[in-house]
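Next come the structures, one after another.
One chain, chain A, links the two complexes that follow: it is found with chain B in the first and with chain C in the second.
Showing the complex of A and B:
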């Protein structure tokens, strides 16, 4: 390592590297599975159905459940928390029963939406009836509860210290928490595998750069091989 | 420079000449201190016959304290080959030691830092073993883990993880080492060379599993450069793969739903692919003439420039004629169309022309041999008429057409899989420790976690 390091790097010619690449077994079924996994975890149900029909690759999960999951996500993101809660309970009532914190966050989001809609009387009633009792049962949620209820006392919430709660990002946060809980309840993964391949490629090339000079993939979208500059000597 | 099958440590080396050697009785994996043990100058250490192999990602060995001797002044760890053996491991530079008398960790100097518990042969254990009448080991046992991926040394005592003792351990050749200082201290090591009869007491599979998970997590933490156009790289890769495979409907759906209509399926691509599919079907059906005609239409100049694929197709046509019972015609065709191609210079795509022409000769001989059998398909070279051989030829022709038309054989997604796998294999070959524990399939499998070793 260190001095003279570059001189010790092995030079792998384009021909030799091509030969190594050809020796790598690439099974179509494996590739199809990775593609299907991407479509399914990202929630592209229509595409997944088309792919199943065209390639015969099994989705590995119930695509109808993904449709549900995507609709629930959409409901939270569009501010219709009530509908989201209803649909989650249709899907699996245990999810919200078992995850009190998640349920609290959904109720909190509901309160936020009521305030956003200017329905202050309803918001107050909702807070007293549904949110306050939860805070008593779960002291760890108390601070968040107080912070949310405080929204009621600001006339212009958007310029208050609590403005973040009114953000679209807060909806996204709640929607993601719910999405992850549904995925977990179905023993499904939240992350597709395909990005792992890209990460491994970047990692492996970087490690190999220290030991060898060889044709690299620089552009991940094209996958083109770039040959190293010719040796100095 | 590849680190292939280096020997691993298997026993203590009692043959090293050093002043301290006479203070030790070394017997394979056992060592006993038999010196005076008056002060630090009487210390004596031993190291193993081989260093830990350079490409070994995780090396584990165990040391049992069979006798604490007078003061239990024992040090366990690693040292390079040039560390003097009249010192305890850890006192000298390039040595690392965990000492039993005070539980301190030493590295490169005579004062250590508080690290773990002391270790010894406890009297309680001893009396229990004696009273129960069965032979149990009475002493503490220490597990030692050299992690080359994270460059750490970690110890366990009776299976309990004591945490990382040393970081930035960068020496390339480290030998397991044990040092002693007072009379009758004795240890026995297990280097895992005979696991069937002497299994490790520590859960090595778990230790490896944990290290592997940390490694996977760090690889998956790698930042991937964003697409220049701000589009989804994964989406585009999937689109390219689907188009390349001819899954046009799915490709169109991905273009619409995933990529928001920023790309589209090109009609020319669809037509070209359908043509290639037809050509492949012709080859698979044994209709080489049709395949040749269509190839000339789709890729003019390919057959003239790429003699290898042209020869293989002509050879196949020759074989198919024999199969059809047109022997006389086949012989005439072979003379006029197949043999002349044999001695033409190698294809423009390069490669080793001598080995290619040897393969060509062999192929022609196999085809000619078909003439000798009433039923050529069941003869010894009948493979030429089997679907597998035809499919392979069809795939080779498909590749040749793709390359000829300036397209790549693989989609970008496949190219990335090949490149990542080849780079990882090259790392493994070059002795890169972390690469030894990584596997592409595990990263792409449905399970989230890598399987623990030994799992089915």
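Showing the complex of A and C:
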């Protein structure tokens, strides 16, 4: 901060700041709900159950469904796509009935896993029986389909231009897409509210920096208020 | 192939108690989201076995069977097979009879897939014993998406007033209103859909919905930006439905408020990328018969947005059709709106839609053209730039009378003298088509046919008039002058008037065409036309034209029953008829070269009928034109009398 600049800004002492903070009422129930929202969206089911018991905060969703959702995500992440598909269909058959692109990505992932496991005959059959007809029914998927089937051509896929498909990041991508679809089907947001609240805090401090000097939060995890340096004059 | 073998094994597994559950689950996982697998299992006869499995007592089997059938029902072919095998009653029985939450969940989800299809047997669903109360009670369910599914089934079943009333009577409205404030978006949307379907065009159910305090407030919140486009749309439709049936003196809102709130939402939705297919239709319905809202829609740029839809070849047909209908409404009465549409440069697209394979698309394009063809400016210019006559002539042959009449209406509008499309129309033998329509058994088509001919005839060449007479036998013309429909009679008389107008040879041609029956036919039609001012005027001017023609034509008028009628019409209550009659007298008593003798005879005959006394009365007529013409006529009569008197005096000397 340049000399002279701070003179135009209002200085707010730690004492005054604390007084102002005390004037803002935050209801305990609201805080609990933000916490519960985080636990539920991130899938910490056991913690959410305990938190519900101890704080009396309703999770707002069926916690069993969260368990299902987490296990489905885990199944994709560990390469068991078939199991993931079966469990999604148990949870809500409408998801894969209607979301053709998502379904395609799951089948694409399944092909990738077969190739990864060296089951080339199975991979070829799967591509012919399930993936190829999909391209005929959904021409918008054709390009991606061709790219996927091309995996079968390379002897060492990992050094091919298609290496990205074989990457673990691809599993992660598919798992996230499926997770988001399940959350949407349950009217839940894909992101918890807490990160956004923290982003808002950072933004608000930036706005305020232009006008005032005040005790700032520098470290989001500690939340400590850092006193501004004493005035120059 | 391995997949086929697997499918056969699974179907076989359905028939064995020990393997059934496994097989049900396997088939379900194969068919979900997979059209080809569905086809394969249908061919293997799986659907029938799945329906049979619905009679099981085992909850796990019921869940799997219902889910699999729900997946089949999501495809058109699958639903047909399900219906063929009588699956619906079994599904309903499982829904109503089971106390297992998972079974009920699977059953209501499957029923949702059935209900969403246009081929859904909605009546069978609603009339199933205990089904309606069950669905209503499920609206309060907390289990996953059971409440949403029940709401969607109810929404889809509200096909007509009877169904809407049945759903309302079963107590669906309070739980649906409660769902509007659910924190879950999917529950809100499903409730919105159901309330919109319940209130569609139904005053009774709309008022039942409005009795719940806060409904309008919830809906107004739901149309705000932030919600999904679909939720905003359905909420807007719901508000529009309710606004039509708002009881007078509703505490918080007026019809106008609500409609003004809905309008910008619908217009904004029109411009969004994935605009729902029903948005233009809903907008068209909202602004129909309301000039103020039509103006507001145009001000919000609705026409450009609808034009952009027509301009985009990738848009789904239903959306394009809705856009055409909405544009037809917006351009029906407003010239500036028509101009705005022309600025979108979509006339070729509209013209192409006139020949679309889909009948409903052709009908929509035709409505749009009808609105545009009401503009004299566009008729003079733009409309001539595109090939319109041929597709419209083809449309005028459609079996759907409403469409055919509308197409004929557009053609009739385009047949006017100054139209840039008239040439096209004549080139494609439009006269023959109009003549055929004028001979139709359907009054609406006769009207447009004879209207078109009258427009074609106006100020046209003798060749065109001859073509009309050649296509339309006089016997048909005479029948049209006696048509049971007053509108047809009037246009028929206008046709005669336009045919005789302009020259002596035009008159001669019509006399020949009618074998000299013209004057009588016109007189009869006039005498039967009491109360039809336009028809009477057209008839009068047929005679006015003849009275101004050759000596022979004047003689024909004098020899008919017209002179007495003309004298009588001098006292008609309609000033335009009085004026016409005075003109006829003036023309009849006007001597052209060399017919002084005949003229004297005509004057004497009219005098004998008391024409002068009647004209004297008209000298004090309240209508200035009548007064002046009457003066002219009297002067003319007196001048002739003086001349005749002079001659007589000279002879006496």
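Note that in this section the second predicted complex is superposed on the first by the 227 of 233 C-alpha atoms of A that agree within 3 Å, B and C clash if a C-alpha of one lies under 4 Å from a C-alpha of the other, contacts with A are read in each partner's own complex, and residues count from 1 in each chain.
By our rule, a residue touches a chain if its C-beta (ideal position, glycine included) is under 8 Å from a C-beta of that chain, and two chains touch if they have at least 3 such contacts.
Not measured: the values here are computed from a predicted model.
Chemist: Which holds for A:225: it touches chain B only (first), chain C only (second), both, or neither?
Modeler: In the superposed model, A:225 contacts chain B only, not chain C.
Chemist: Considering only the touch criterion stated at the top, classify A:186 as touching first (chain B), second (chain C), both, or neither.
Modeler: After superposition on chain A, A:186 lies in contact with chain C alone.
Chemist: Just to be sure I read the superposition right, which of the two partners does A:93 touch: chain B = first, chain C = second, or both, or neither?
Modeler: Only chain C is touched by A:93; chain B is not.
Chemist: Scan A:103 for contacts with chain B and chain C and give back first, second, both or neither.
Modeler: second
Chemist: Give the label of whichever partner, chain B or chain C, reaches more residues of chain A.
Modeler: Of chain B and chain C, the partner in contact with more residues of chain A is B.
Chemist: Is A:30 touching anything from chain B or chain C once the two structures are fitted on A? First, second, both or neither.
Modeler: Touch partner of A:30: chain B, not chain C.
Chemist: Answer with first, second, both or neither: which of chain B and chain C does A:21 touch in the superposed model?
Modeler: first
Chemist: Going by the contact rule set out at the top, does A:198 touch chain B (first), chain C (second), both, or neither?
Modeler: A:198 sits against chain B, while chain C stays out of touch.
Chemist: After superposition on the shared chain, which partner residues are touched by A:60: those of chain B (first), chain C (second), both, or neither?
Modeler: So A:60 meets both chain B and chain C here.
Chemist: Could you tell me which stretches of chain A are touched by chain B in one complex and by chain C in the other?
Modeler: In chain A, positions 60 sit in both the chain B and chain C interfaces.
Chemist: Going by the contact rule set out above, which residues of chain A touch chain C in the complex?
Modeler: 60, 62, 65, 85-86, 89, 91-94, 96-100, 103, 125, 129-130, 133, 137, 185-187
Chemist: Quick check: in the complex, which residue numbers of chain B touch chain A?
Modeler: 1, 219-225, 227, 231, 233-234, 236-238, 240-242, 245, 247-250, 253-254, 257-258, 350-351, 408, 410-427, 430, 432, 434-435, 438, 440-441, 443-446, 448
Chemist: Please give the residue numbers of chain A that touch chain B in the complex, ascending.
Modeler: For chain A paired with chain B, touching residues are 8, 10, 12, 15, 17, 20-21, 23-24, 26, 28, 30-31, 33-35, 37-39, 42, 44, 46-47, 50-51, 53-55, 60, 189, 192-208, 211-212, 214, 216-217, 220-225.
Chemist: Spell out the part of chain C that touches chain A in their complex, as residue ranges.
Modeler: 1-3, 25, 28-29, 32-36, 67, 70-71, 74, 109, 113, 142-145, 183-187
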